[in-house]
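Two complexes, one shared chain (subunit A), two partners (subunit B, subunit C).
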Partner chain A sequence: MRIIINGENEEIQEGITLLELISGRGLDPRTVVAELNRNIIAGEDFAAVRLNPDDSLELLHFVGGG
Partner chain B sequence: MQSSDKLVIGGVELESRLFIGTGKYPDDALIPAVCEASASQVITVAMRRVDKGGSGVMGHIPPSMRLLPNTSGARSAEEAVRLARLARAAGCGNWIKIEVISDTRYLLPDGYETAKATEILAREGFTVLPYINPDLYVARACVDAGAAAVMPLGAPIGTNRGLRTKEMLAVLIEEIDLPVVVDAGIGRPSHACEAMEMGADACLVNTGIASSSDPVVMAGAFRRAVEAGRAAFLAGAGAVQTGKAIASSPLTGFLR
Partner chain C sequence: MRKEILAYFTPEQRRRLQSARVGVAGAGGLGSNAAMMLARSGVGHILIIDGDAVEASNLNRQYYLPRHLGMPKVTALSEQLHELDPELDVDARHLWLDGENIPALLPLADIWLEAVDKPAVKALLASHALKAGKPMICASGMGGVGGLAMKRRILKGLTVVGDFCSDIAWKPPLAPRVIQCSAMQTDAVLEWILTGTISPLH
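This part shows the complex of A and B:
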């Protein structure tokens, strides 16, 4: 199924959870903040949230800045 | 320095009056040593979309540091609020540096949008530190909006040009009852020292340290400069005399 991740169309596996997606991308879920369809998803809910077609997902983390 | 001379922001007591950043280091692995040499307790970070497999900066920040995420990249109050809420969701506290900039050439902050974001986020329980032009009315708007401190710029971001806004900073230090943290443009320890001598409550230094040839040694130099400037402010500088010299040694009892 297709969803939008960080502004890009991506094909992902049907029915996977947010945690599976984040881990599958080689990211440490403890350092990632997620916003799904403009709603912030708390880290402890990553495993419970399943992604749906046409979802819009933002995955962010802290980088160097002043 | 008196141990009772603490900076209090949002109910948090800080021993150090030097805030540091995490941007632009030649190698992020320098950050722990910079933290130690600076003795800083507050460190800024930015929030961006993850790259696949990217690890971000958090692995380099000692856990004792208080995180001050910024809203850089926000062009409006709405975008700043969105970023601030995401930063808080990361579980690193409720401090936020509001940075709303739509001018990409000079990176000067938008005072109106900054005050708007400050009001919304202060109401949501954030400790809000807005990055502003040293404009008295913008600063007052941020105070009224519930800011915990104001962060006026000394010179445009990343320029290392020092306190180009000195006269206006002096007005804010005089008129604003919240802590004044001079942010942006401080390139050398003497700039930071000067701000502290003027009565600024703290300085935020990123580029001045990160762009030095030896960021760790420079972090230590900034620590001492901020401490020296603060001590001088508390001591009170002697009056400036105009006209003729005034001898420091007695003018009697000369050997002839």
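This part shows the complex of A and C:
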């Protein structure tokens, strides 16, 4: 199915969770902020949220340094 | 000092700057340089939070001098901020930010500048700020020399600057790019204070 990730159309596996998508991209979920269809999803909910066709997802991944 | 700093602004801008309360989360490379720039820009109230002490390895990029070694960073930074502007209101808190204390600290400032080291704490601060509707300027990716250009990305109330890629875990934190990133964060804070909004750079 197709969803929009950071403004780009992407083909992802049907029915996967937000956590599976984040982990599948090689990202540590604790370093990611996710906004799904304009709603902020808390880190502890990543595993419970399933993605649907045409969802619009913004993923912000932080790298170290301060 | 305050009068000379504010001479660059209109009366309305001066009013906004003097009443502004900016939170700086972390007093390392990003936070120490940002706090000094905020003071030089006429911001009236600065809240700084950091649990660390100044070490020799910090002096390559952080706004500290050998005489500050061993001092809590927030103490060394307050001292220098007051040296620059004795009238500046500085609230310095020597503590580490975590999931327990962040929700109570966020309301203490109008806008926050995220300047912590660890990516998980950055994400924690960012998600709490988004949840609370508190504007925050985060930083991600400032290691090494040259390479990727730093940008400004805007996500609802959250603004993130940096190259989004150069982790200091594998690219050393060097003064030019760390201070560039810190300056871009401070510029966004200043834009918000002066105009009430943060627009994409072009």
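Methods note: the second predicted complex is superposed on the first by the 61 of 66 C-alpha atoms of A that agree within 3 Å, B and C clash if a C-alpha of one lies under 4 Å from a C-alpha of the other, contacts with A are read in each partner's own complex, and residues count from 1 in each chain.
Everything that follows uses one rule, which is that a contact is a pair of C-beta atoms (placed from the backbone, for glycine too) under 8 Å apart; a residue touches a chain by one contact, two chains touch by 3 or more.
Please read all numbers here as calculations on a predicted model, not as lab measurements.
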I'd like to know which partner A:Ile16 touches here: subunit B for first, subunit C for second, both or neither.
neither
Examine A:Ala48 and indicate which partner it touches, taking first as subunit B and second as subunit C; both and neither are also allowed. neither
Practice item. Once the structures are superposed on A, label A:Arg25 by its partner contacts, choosing first (subunit B), second (subunit C), both or neither. Key: first
Next item on the list: Using the superposition on chain A described above, determine whether A:Gly66 touches subunit B (first), subunit C (second), both, or neither.
Entry: both
The intersection of the subunit A residues contacting subunit B with those contacting subunit C is 28, 31-33, 35, 40, 42-43, 58, 60-66
The residues of subunit C that touch subunit A in their complex are 26, 28-31, 114-120, 122-124, 126-127, 130-131, 138-143, 153, 155-156, 158, 160, 162, 164-169, 173, 178, 181
Within the complex, subunit B is touched by subunit A residues 6-7, 25-28, 31-33, 35, 40, 42-43, 58-66
In their shared complex, subunit C is touched by residues of subunit A numbered 28, 30-33, 35, 38, 40, 42-43, 58, 60-66
Subunit A partner, complex, touching residues on subunit B are 21-25, 28, 44-50, 52-59, 67, 69-70, 72, 82, 85-87, 89-92, 157-158, 184, 204, 206-207
